[in-house]
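The following pair of complexes shares a single chain, subunit A, combined with subunit B in the former and subunit C in the latter.
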Partner chain A sequence: MKKPLLLTAAIAMASSAATAETLRIPHELGYGGSESIDPISPQRFYEAIQNVYSRLVRQGEDGRPSADLALEWSATPDAKEWTFKLRPGVTFHNGNAFTAEDVAFSLMRTQSETIDSPTKGVMEVIDHVEVVDELTAKVVLKQTHADFPLLVMDYRIKMLDAETCNGDLDALCESGIGTGPFQLVDYDPLGTTTLKRFGNYYGGTVGTENMELIAIADQDARVAALQAGQIDFIYALSAEQVPLFEGNPNFTVQSVPTGRWVGLVMNTQTEPFNDPRVRKAIRMSADRDALGKLVYGKDGYITSCDHPVWSGDQYRTEIDCARDIEGAKALLAEAGYAEGLTVELFVSDISEGAVKMAEVLQNQAKDAGIKIELVPAPSDGYWGDVWMKEAFFATGWSQRPADQILNEAYRSTAAWNETAWNSGDFDAKLDAARAELDFDKRKALYGELQKELWETGGSFIPVHLNTVRAFSSKLSGIEAVEDFSIRYEDVVKAGSGS
Partner chain B sequence: MLKLLATIASKPSGALGLGLTLFHLALAVLAPWIAPFDPTAQNADAILLAPNATHLMGTDTLGRDVFSRVVHGGRLAIAVTFTAAVIATLWGGFAGIFFGTVGGRVDEYSMRIVDAFLSMPWLLFLLLIISIGGAGPLTIIPNLGFFYGVAVLRVVRGAAMQVSARDFVTAAKARGEALWPILTREMFPNLSDILLVEGAMRWSWMLLAFSSLSFLGFGATPPTPDWGLMVAQERGLLSTAPWGVFWPCVALSSLIIGINLLADAVGKALGLDRATAVAV
Partner chain C sequence: MPSLILRRFGFAAFTIGFVSIVMFAAVEALPGNVCTSFLQRFAQGPRLERCIEQQGLDRSALARYGDWVAGAAQGDFGYSLKKRKPINELIWERFRNTALLGGLAALLAIPFAIFLGIAAGVRRDRPLDLSLSGAAMLAMTVPEFVTATALIYVFAISLQWFPAVTIVSPGAGFLQMLPNIVLPVIVLSAVLIAHIMRMMRASVIDVMASDYVQMARLKGVPERQIIWKHVVPNAMIPALNVIALTIAWLLAGVVVVEKVFNYPGLGTLMIQAIYDRDLPMVQAIALIFSVIYVGVNLLADLTALALDPRLRRKGH
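After this line comes the complex of A and B, so read on.
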């Protein structure tokens, strides 16, 4: 009997040690398994790319760009040429040196027509990239952009190895070779994707030996997995899920104000939403504060007026968007719906609170004579099958700076222009804001754009979210920053060898 | 009928089954007068309240009164599944009587098709149909009626084969009676008890199926108060606010148990023993 017992104990100890060395993060399976490891792919596997690749600059504690692969940057007085000095001694996971050639390759491929990256609309501002020397890259813009470093702070603008990607600007590069803290071992977006610590990481020793990205599509299942100790971390807890972890010594709960938002989208080219009066009537029927409280809890949100610029952004403009049922009814009557309007809204549990938000709006809008019929859609593959396919549907966005989110979601040529917003005047104002070197004037221009979205846009963005995350108390080193700024390389798991 | 009810009520299990079923039917009919609140009314100041004097079963994540939602929660499910049970019993019963009476190759070949349908994972098949045709009663009722009717067909056909071998059917055939009079005058009256029991059984199973569909997001749609949907929406709160899941489960279970006990009691009162019946 002794042998089997000893063997069992040894296996158990080995398994326990392996678990302690492994950081287990859930992956939301938003693209139903067709996720790509290429950071600019429309189906980017962001939990993986966040750890495999690095950016030129990343968000600092004050929300401004701070050094990452670029140590310093400067611009010409007209802000049309930006020079980035790169960190020396950085290598990719395959041993190749990181140079300015890789910067030029990684930035220029974002404009590829073939890849059709969601970053294309934003990054088209780049004319070309000059390799000044091995560690200096000069980005020449087509037009002035006073906040260009904010654009390369995007979580998808990662630096790839030009050689591994064969220098092909028009092909997806799915080698998984980056300069990030973890390197790819096993790629399985439908199951468990395995990463391991990169020994030559320029940022120093990485806190944990391995990372597992475990596909769990359902938020309740993710919560159950964290409670059962099958994963170590969970993003985006809903208000009612917070009490499951709060006060429990086995878990840490973090609440962070962010620019994340969950919203509803009306396609501005499709009936009846092609009439701006209908869109505004739906927006005016909402009591945003009550909605926020019902869906995200009293401390879980900050109200917004259907533009995506969050309260912490320097360009945010405050608008009065109080509920106005009579005004909504009047607009509907003008639009030819005096007897009421019935619309279908496609929803799924794709982002926290999306279904509840739809239910609350459904309840509030009926006072204005708007009947919203909810059509449940499976969360598996939602982004491919429903999002931007139906006329009225749910969406969710992570935090982005004002210029970026306005360009990425509302520029007429943007890949993720989900409202099919097609306004030449809006595009011209976006260009004008970028070209404006005076901060106050620039802020005024961004303010006009936000007001225009409230008046005539196709988005319903009632609140911006405070993100609430929970993780095992064994983890340390997770700063209270938005999700894409978490430095997983600094995370240490108690019991690990590091 | 009164005699049958009296026989059913004479046994404790029968009385319980009859009582639970009638209680739920009454609740469904009288829900608008019984529920103290509008079951869809949201209240931002009353989110997840524990059961109290105002909200007897507490409130849910949108501040809605759980008692009012539970009281209303069976209306759609009962309406949809009862209609589907009638359809299943009618078409399955008639087809079962027909094939059991006709026999021969027609029966043999038809039963292979029936076997094929019975081997299908019907819930997945139903999900496929709903994802194409859309959720809602108009899609769900005929499909539930069809799938459960296949099982009714199988059971009734077995019983019909036994009846068709009896002397009075043989005599009717010898008299030269046409098929239709034999089916309606000789066979049906002798199988109506089985049809009644089968219909009740399938109804209870359909209730479970409809609630499963609602749980998966393919049955009732928000904000309809529906037991399956309520469980789906509140299932993440079992450890902090269990009342949102507990009461719909109690309501659904008690109705299903009630119908099953009633079906058992009806069977026994009519001289049928479900324990020895063919399980399908």
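After this line comes the complex of A and C, so read on.
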């Protein structure tokens, strides 16, 4: 008796859930339900924030900043004062007008000690913001920064309504009122958060009526949910999950490059890695393309030459770093290791593919007479006990723009300078690039820094990782851009007929 | 008799105490501590010092163990750094969901299994027994994650009758949970039924061969009456222990099944806590599981005491 009842209930549920015009995106519950809708909160609910708020500038197709809430911007010759002209006629979801006051409020609150936002360190470069008129904001910096628009292009620097947030710079603002394509209807980070189309969106008509952000913490469960039609989209498929969707006409699989990387780090101050020839020899012994295929699958990577600037970054420089066993042997001989070299490499399962990468390099380096002994380290306590403590170890970084990653990982004074890179010349060039207002000259400077890392640096960064996503074939308008740049307002969902 | 019951309770309390020591020691033995595992790469300088101070990690392990046990005894498991909430708040809801899943599975499976066991035992070696026993062997040998995946493939992906994974808000009512728990309950019940049925069958066969059943038969008592009056009650006693053990097994099965169906219970919370290296949370859930395990076994002991006077004599 019980079963038919259950079945009808289930069928009723399933068919009512399959409404067209509702875009159902999984929410990965990265903070386990303590997510905040405040974009600068350490526990930001990114999937909601992305659609509810907008930025001053967004990433254009060439990786350079393009207009969003700000239509144009200019700097004084010393790149210390930046003037942003705002888009007229923009309103927040509550009907308030978007003005320069809101810009000042949204930028200054990133520096709050109480909020302790992850954006604080970067945004501290701002001294103050002047409201010139309703639609003009002037940002005055403490120091020169020629790429300041890149900083406000960060996915967390969204524009909030100063009035709704009571102008309080030191409190999280969880009203969820923004200028974005969708407005918040029901906020439930542990269950389903519901958004609906914002009629007055400045970017034109939004593609779908509703959007649901459905909390599913587990990737395998997300895969099953997409297969069963409970959601329309998933991020970050692993190489093993791709075949589940590839070749199935009900799904589209998309592989896009990102700035994430997993690498192996040599401490440039410790024997034998304090000799740049040894470091280069190890790097030259690697066949990056073969390594990428083995570790991340054939569509899973884009090769890099041991610098952290990814392929979608406007400052990326292409270098030729083909495998050169003879060259590596010659360098080793010069450095006094003609008989070969044995080193220990500490690895742990801390980032996707880190252990596999070490194993592949171990095999490839053998040909150059370099014997790499792998030392497995527990992933518990890895960042405290192994990382930056041993001489040769694995690491992993998320995507950052060129200026940020080069400063965070290679400036001699940086807290996370994992290669112990200590070059006054490198630091000076970093400063020079920040001060250079001419784009081509700036790009040339960043290019020199990347080449220097390939020639003498301590990082082995064979590839940048792609991210592979799958979505229902009913969806159209998802561009092959990295996750932070997907424009959900442009996505259209074909009716399912129910 | 009261002293016997007290002694059982004493043993149970001792076991739980011992388990808590082992769990605390295991976490202590891990490299790093709660703060380094939470902060990862940020575990340096003032941030680390602040965390260590807040968590009271500068005190001795013994003092911290004392605090933890005292807190846990009052139902306060401490604070989850990862989720930024007291652990209590997070656990209660999940506990309710797991209890719903496990309870429903046990409620459906146990009577059904006992009935099947009797049917198979009475019709020993006949086609019904052979097919039931064969099915039970299959259900016991196929791991539950395989059964679960197969059910998802057929009923969620191909037929789309049930959801593949559970998507509900916390605090969802029973009716909302219902379509989501059908498949998990089937998976859990299958294994429960298989184990209990086989034990019941063996037990029934034993009793059927006993002298008093022979006697009853010779006296001309109708077969139906023999089965329900003499065989079943006596066959139940050995089956009770197996039922207790399988309910304890449910705890492990629930973790696997919850994970496959993304069911918001204690099992998924535990797996997540392990991924997140949220050590206080892992400790709390492990302790809850061990309390349930010990509790179920205690209950079985006490029921057996009530049913079988022989066990109440001294020396047992």
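Everything that follows uses one rule, which is that the second predicted complex is superposed on the first by the 286 of 498 C-alpha atoms of A that agree within 3 Å, B and C clash if a C-alpha of one lies under 4 Å from a C-alpha of the other, contacts with A are read in each partner's own complex, and residues count from 1 in each chain.
One rule holds in what follows: a contact is a pair of C-beta atoms (placed from the backbone, for glycine too) under 8 Å apart; a residue touches a chain by one contact, two chains touch by 3 or more.
It should be emphasised that the depicted structure is a prediction, and the values quoted were computed from it without experimental measurement.
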Query raised in the report: If you stack the two complexes on chain A, which partner ends up touching A:355: first (subunit B), second (subunit C), both, or neither?
Result: first
Query raised in the report: Looking at the overlay, what does A:108 touch: subunit B (first), subunit C (second), both, or neither?
Result: neither
Query raised in the report: Who contacts more of subunit A, subunit B or subunit C?
Result: C
Query raised in the report: Who does A:492 touch here: subunit B (first), subunit C (second), both, or neither?
Result: neither
Query raised in the report: Touching A:375 in the superposition: subunit B (first), subunit C (second), both, neither?
Result: first
Query raised in the report: Who does A:140 touch here: subunit B (first), subunit C (second), both, or neither?
Result: neither
Query raised in the report: Between subunit B (first) and subunit C (second), which does A:363 come into contact with in this model arrangement: first, second, both, or neither?
Result: first
Report task. Scan A:293 for contacts with subunit B and subunit C and give back first, second, both or neither. Result -> first
Query raised in the report: Just subunit B (first), just subunit C (second), both, or neither: which does A:34 touch?
Result: second
Query raised in the report: Just subunit B (first), just subunit C (second), both, or neither: which does A:325 touch?
Result: neither
Report task. Could you give the residue numbers on subunit A that contact subunit B in one complex and subunit C in the other? Result -> 220, 378
Query raised in the report: Which bits of subunit A are touching subunit B when the two form their complex?
Result: 219-220, 223, 238-241, 243-244, 290, 293-294, 297, 355-356, 358-360, 362-363, 373-376, 378
Report task. Over in the complex, which subunit C residues touch subunit A? Could you list them? Result -> 30-32, 36-37, 39-41, 43-45, 80, 82-85, 90, 152, 156-157, 160-165, 167-170, 172, 175, 178-179, 182, 259-262, 268, 271-272, 276-277
Report summary line: subunit B residues touching subunit A in their complex are 40-42, 44, 47-48, 61-63, 131, 134-135, 217-218, 221-223, 235-237, 239-241
Query raised in the report: Mind pulling up the subunit A residues that touch subunit C in the complex?
Result: 6-7, 9-11, 13-14, 31-34, 43, 188, 190-192, 214-218, 220-222, 224-225, 227-230, 378, 380-381, 383-385, 387, 415-416
